[in-house]
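Structure first, then comments.
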Amino acid sequence: MNKEFMSGNHSFGEAAIRAGCKHYFGYPITPQNELGEYMSEHLPKAGGVFLQSESETAAINMVEGASAVGARVMTSSSSPGISLKQEGISYLAGLELPAVIVNVMRGGPGLGDISAAQGDYFQATRGGGHGDYRTPVYAPASVQEIADLTYKAFDTADKYRTPVMVLSDGLIGQMKEPVVFPKKIEKLPEKEWALRGMGSGPSRLMASFHIDPAVIERHNWKLFRKYQEIEKNETMYETYMTDDADIIAIAYGCTARIAKGAIKRVRKDGIKAGLIRPITLWPFPSQIIKDTASKIKKYIVFEMSTGQMLDDVLLAVEGRIKVQFHGRPGGAIPTPAEFARIIYREYQLESKS
Amino acid sequence: MIVKILFAGSGGQGVISMGNVFAKAAMLDDYYVTHISSYGAAVRGGTANCTVCISDEEIASPVASSPDYIVALNKPSAQSFINRLDPGGQLLYNSDLIDSVPYRGDIDLFPVPANTAAKTLKNDKAANMILLGSLAKLTNIIKTESVHESINSLFEGKKKAAVSSVQAFDYGFSGFPFDNEKK
Amino acid sequence: MSKTKNKVVIRTEYCKGCGLCAAVCKKGVLQTSENLNKQGYYYMEPAEGAECTGCMSCTLVCPDLAIEVYSE
Amino acid sequence: MKLKNPWPIYFKKDVETHYCPGCGHGIVHRLISEAVEELDVGKRTICVNPAGCAVIAYNYLNVDCIESAHGRGTAVATGLKRARPDLFVISYQGDGDLAAIGTAETIHSANRGECFTAVLINNAVYGMTGGQMAPTTLLSQKTTTTPTGRTSGNDGYPLHITDVVATFKGVAYAERVAVNGPAAVQRAKKALKNAFQAQIDGLGYSIIEVLSPCPVNWKMSPIEAWKWIDDVLSKEFPLGVLADRRPKAV
Amino acid sequence: MNKEFMSGNHSFGEAAIRAGCKHYFGYPITPQNELGEYMSEHLPKAGGVFLQSESETAAINMVEGASAVGARVMTSSSSPGISLKQEGISYLAGLELPAVIVNVMRGGPGLGDISAAQGDYFQATRGGGHGDYRTPVYAPASVQEIADLTYKAFDTADKYRTPVMVLSDGLIGQMKEPVVFPKKIEKLPEKEWALRGMGSGPSRLMASFHIDPAVIERHNWKLFRKYQEIEKNETMYETYMTDDADIIAIAYGCTARIAKGAIKRVRKDGIKAGLIRPITLWPFPSQIIKDTASKIKKYIVFEMSTGQMLDDVLLAVEGRIKVQFHGRPGGAIPTPAEFARIIYREYQLESKS
Amino acid sequence: MKLKNPWPIYFKKDVETHYCPGCGHGIVHRLISEAVEELDVGKRTICVNPAGCAVIAYNYLNVDCIESAHGRGTAVATGLKRARPDLFVISYQGDGDLAAIGTAETIHSANRGECFTAVLINNAVYGMTGGQMAPTTLLSQKTTTTPTGRTSGNDGYPLHITDVVATFKGVAYAERVAVNGPAAVQRAKKALKNAFQAQIDGLGYSIIEVLSPCPVNWKMSPIEAWKWIDDVLSKEFPLGVLADRRPKAV
Amino acid sequence: MIVKILFAGSGGQGVISMGNVFAKAAMLDDYYVTHISSYGAAVRGGTANCTVCISDEEIASPVASSPDYIVALNKPSAQSFINRLDPGGQLLYNSDLIDSVPYRGDIDLFPVPANTAAKTLKNDKAANMILLGSLAKLTNIIKTESVHESINSLFEGKKKAAVSSVQAFDYGFSGFPFDNEKK
Amino acid sequence: MSKTKNKVVIRTEYCKGCGLCAAVCKKGVLQTSENLNKQGYYYMEPAEGAECTGCMSCTLVCPDLAIEVYSE
């Protein structure tokens, strides 16, 4: 067990290589440049290919090609670049091709800033491209979790033949922390469905197009059932001090760690606050919210946005109890003290009422 | 316990390396530790800074709006960051490049003649490690052996550089607090 | 030519000490100061005694519009 | 009696193509299937199908196929080939696909010398979507989006994309051919085989541009379309080898 | 009042020209080609510019340029092409530039098919690009409404300085119906904020980028307040036979007209069914749903997708009553008879329970 | 005494640029502001700012400015100019911006002869994002994404985008210059004015490529960077007029 | 009342125009009316079809999975669409190009020798308008004057074509039902 | 040559009647039939009496692989 001190962006790369990723296609964009740079140095050494593409659009379509022949493949970008990949992601979903897509979010809309933000939640969780599809979305809250979830993302992608997104942000991407990496996978099982030239068999085909809408409809329902399967099996979350909580914060990624810090503070003053941290954003851990809703007075949703995950919380809560939102959009990074203040305030409001 | 240290200076002064060495040493001492440095357009024009947080429990945020320690390697950084220092905080600075710092009554000042010391050591590039030694002494949370190990792993393969850096670190450590006439 | 009196002035706060002006000045008029400006750079300053011809080479290459040349 | 033109094994049997009468796509499909057979690479071929009239080329070509987003064929081909350099990869694309929306991918994959073959069907229009202007549409040519004819002022000039990439060092072979007659078809097949061989030999990017009739959108009979290629289209886009960086035989 | 017989796609064009749109940038894609073709013929005659761009990406950025100098400008595409525009739409939102974007949806994901579908609802209503923004979304259900809402879209875009989407589908785009067009606007008021060269004033700037996240955060909250304003003022919907209804269908666009046909059928059998048809999808008409929820037994959501608007309905209903979903994704076009069957079934289930 | 180099009116006063010491961007900014002043178009100028080190060029240039998404400067400029042909439009772009992600927009706006001027800062790297490979990076040049040097095999060849567009009929003027010394700077200004004049005269697209030092990412002193342009960079990218379709003076 | 008519034939036979003319005439008669034609890849290879719905109330869907009338201009379309006809529906077809249609006991067949008639009129391209005339007679919902007006607006500027089309329409209208030996 | 016996067969259901084969056949072997095939096209058929030389020109240009040429 080798502890290393590494940035989130580098950890993405190292974890991917250990997960058997041999191909990376990507285009520079702050705050995730170090991921591509890491790959450019280490992938060739691991017998793989690093290719800096001419654009994000090209990268995601190169991913299609490499995935189609069975490779474990990764691309990464940050918000504007991820927008450019939406068509390609929709194709991957339609073609049922596994791939890992990293979004190290920054402030938007537009060019925005290069600070950390969480404004791409809707895009990530609702299948940001056209058509009916979803991509599993992992939201790491530490460099260690970047390593673990990236590794897992490749498995999920292969298991369900689907693109998977790891949704991080500039803070966790840039931050260095100690990290222990999972074991390197030396040999992956072959993918029966991959293209490889017909060889001695019949010719194979990968296409999402069909002239007859009935075929596409069937395909959509097939995908839908797959997504139900993923919802059933792959939902992940962490709870922190929720057992006796009167008030529960819901937050993901770096906002969740800040919220945890805030909860530690307010707990010292006897305030019974807890945290639910979705680790998968889609599938969203609605059940734990439904389960806790009856036992507590209020949820507080913390996001570095004007309120996106909020919708998923409201969908889970179904009006049963109050949900308060506190957001810091556009790259502003909240502090534990700030979140603690909000928790105090909401707690007092509840005590009064 | 949580300690937040901001390292600031100009591009070539080895600011980020200082943070890295110290943070990794904290890791070797089994602390929770984070390191984050400025990036992007903010680093055009030659300034650089990074923040290291060391704690015995999980760290909520690697960002320190009000650090406990600031290590300033040149005058512009001392001037632009001093106001962010926590009341009761400590400013460690390269007194060879910073003749005076703006007045704040609620903090402690620790001048370190790092360039002069580097000249003494005949190692022009050692100013940052000297300051790091002083910081280690001042903060008194990280074992010196851990810092040594951290320096060695930073200079992996470059033995000479490692040895002289360790030497510089020790010099800054043992010399601290420095007598400073300019104070 | 040498009768014309010229003067070079560095807008020191804007100078980044890149040294390109000094490199193109055939008269060695410009030198690096010992002081840092607010931006954190050792800015340029006219060397004492050196005579500026007003050739404007330095102003052409200065990326930071940090040089003013005056003549009578 | 013996069948003189036995069915190409890499062309699917007993399927009616969806192409209009006299369309060039069918001919090029057949040439590709013959060429991969003759060069013995069909079993390791992957053909990237474009968005364009040839979107369902996989219904006809009897090789592994993958669909590409419009214009991204060369990016998909890059991914395929980088992951499996042992495969034989063709990116089949229309002129809109390769030279409009896919311009960046075309230029950069050619410049990188990605080792696959692009087959560019230049029919001077967007066939699939109903005959709009393509980058290769001629000046004064009427299309559904240049109802009074293409003008250089509003729409720019016919784009010679193959000539552009032919200047790149990464391009091993580039040729422009046509399929408007028996001799032209034979030359086209020769060109395809040259390009394919360059790929087999690992020499880099190769591209064959085919001037291909689209009688429906040109509003001509198939025969008129052939003639228009000779008299007009090939005047703007002259046939011939545009780049040949294959090592000279000794 | 001149009634014309025209396709939806042509009506988009004619209505835009009458609304003072002088610039169109777009790239062909089925099933909306006739819109660009109409513009290529009629815009130059109206003294405007039709430019077939090299791609959808280029088109949306040309829109940025033309809008920045104050022009009324339109672009249009269908699903995959709209995915490619997401980065650009995010920039328009960030720069607060008005523009009208038409999406004539087709079946997805991937290349899908060219039939009508409603799979881009999430993308359209949640600000499909990166960052925190929304675009007003109009959903016409007839060729007449294409004309009316396109005309209105330009006004809304200018009024709030925001990109506006008209979300249609291949069925309404391709269909011809009688249509009466609004009057042609001859002269539009000048836009004070537009770039025009500094002239005698100070230089002006349009940028969404800022190094300091605090600035972007303020900008995000400013946008947020604008969006609240739009929610307050611009929500549109139609109700049909809801007054005495026991069961209400919720559907938009062509699905809504099919649902209306179904309701007419079941009403003949005495089944008290009604329809809520959101005309703006964002802002979503939540209030009318909240208002009717207490009076009825059940909602049925009809969509040509696997369920997207459904989320907005559930968010409005907040668990108060049951919501049944019936979807036909991927380009399959439902029939009034089919919807009527569903209404019968749900009605009977409710009667039993 | 009189100030011999009065402040250019289209350059903002009293702002420190964020560029690194010795960066070429500042010089080109100044030349642009001088040129629009001398040609008296500053008051009707709109400059499109790229994503790249010059992202906040608007903090320095005292003309109307608009931000473009990365690589889309020429598309934005097209929109501006099509809507307001009376304006003077500059698209300021880096080599990554114009020749990688923006390749399609560059090629097609040039081919359409859109009447604006592109200013291409070729510093052979992605400056803004920390020194990754650009399309113009030289073979063997080390960057943060070519840690062992660019190889033609993996990364392709330096892309000569200006040479490519120079072949298009829609391009009125194209020249490659440098800013590594007083004479070079003077030539660069002359080139900018030629290009600008071509736009003023409505002749079509014009482009000036500037070989521009990026000392930080080249890991050189500013002086070394100048020398590297002379000795190395300009060998791959020779200076000179690449296209001049202005009507000859009589 | 709602009437759904499917027109089908090959590309050059003027199928879409027939639908357009009839639909626009319905509009002039103040009916609700929709028209939708096949598009995209479905029209490669030369088939064409369109559906017209005419009603006195809002039309739910322009698509007709089972039309009340089919007008078939060539044999392949008669063969491929006949099964979609509503029970009790009516098939009108060009009997010069369609010698026989697949058997269905539950529909009415109306052969129209449109090519022969066109030859009579010395107007080779008139087959579609002749069929349209017959359809108008058969359906009996649209005023003939409205169809005339609709034809005239379709051929705006081309007077001669308009006149001969109106003539063809009238011929088909008044001749219907045609005596057809092949039947 | 004329002694070799050749035969051309049209796969009528696949033929689209484009006429290109007939246009290239120097012997006038191919002609348009009076019947439509299932696809709706007037397909090609060998003209009676005309003699096929087996030159293969028609097969080269047929976009629909609708021609088979046989020889002894």
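Labels for the chains are A, B, C, D, E, F, G and H, by order of writing; each one numbers its residues from 1.
Keep this in mind: contacts are C-beta pairs under 8 Å (C-beta built on N, C-alpha and C of every residue); 3 or more make two chains touch, one makes a residue touch a chain.
Quantities reported herein were computed from a predicted structural model and do not represent experimental measurements.
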item: Contact-graph distance - origin subunit B, target subunit D; value: 2
item: Chain pair, A-D or D-E, that carries the greater number of C-beta contacts; value: A-D
item: Whole-Å separation of chain centres (CA-atom averages), subunit G against subunit H; value: 35
item: Cα-centroid distance, subunit C relative to subunit G, in whole angstrom; value: 87
item: Rounded Å distance between subunit D and subunit H, as computed from the means of their C-alpha atoms; value: 26
item: Subunit B, residues touching no fewer than two other chains; value: 39-41, 45-46
item: Shared interface positions of subunit C, touching two or more other chains; value: 16, 39, 41
item: Residues within subunit E bordering two or more other chains; value: 30, 49, 51, 54-55, 57, 80, 87, 91, 95, 110-111, 207-209, 211, 333
item: Residues of subunit E defined as touching subunit G within the complex; value: 3, 5, 30-31, 114, 171, 174-178, 254, 257-258, 260-262, 264, 333, 335-336
item: Of all residues in subunit A, those that touch subunit F in their complex; value: 27-30, 33, 36-37, 40-41, 44, 49-52, 54-56, 80, 110-111
item: Subunit C contact footprint on subunit B (complex, rising order); value: 10, 45-47, 74-77, 79, 97
item: Subunit D - residues contacting subunit A, complex; value: 12, 42-46, 48-49, 51, 55-56, 58, 61-69, 72, 75-84, 87-88, 104-105, 107-108
item: Residues of subunit F defined as touching subunit D within the complex; value: 100-104, 107-108, 111-113, 135, 152-157, 159, 163-164, 167-170
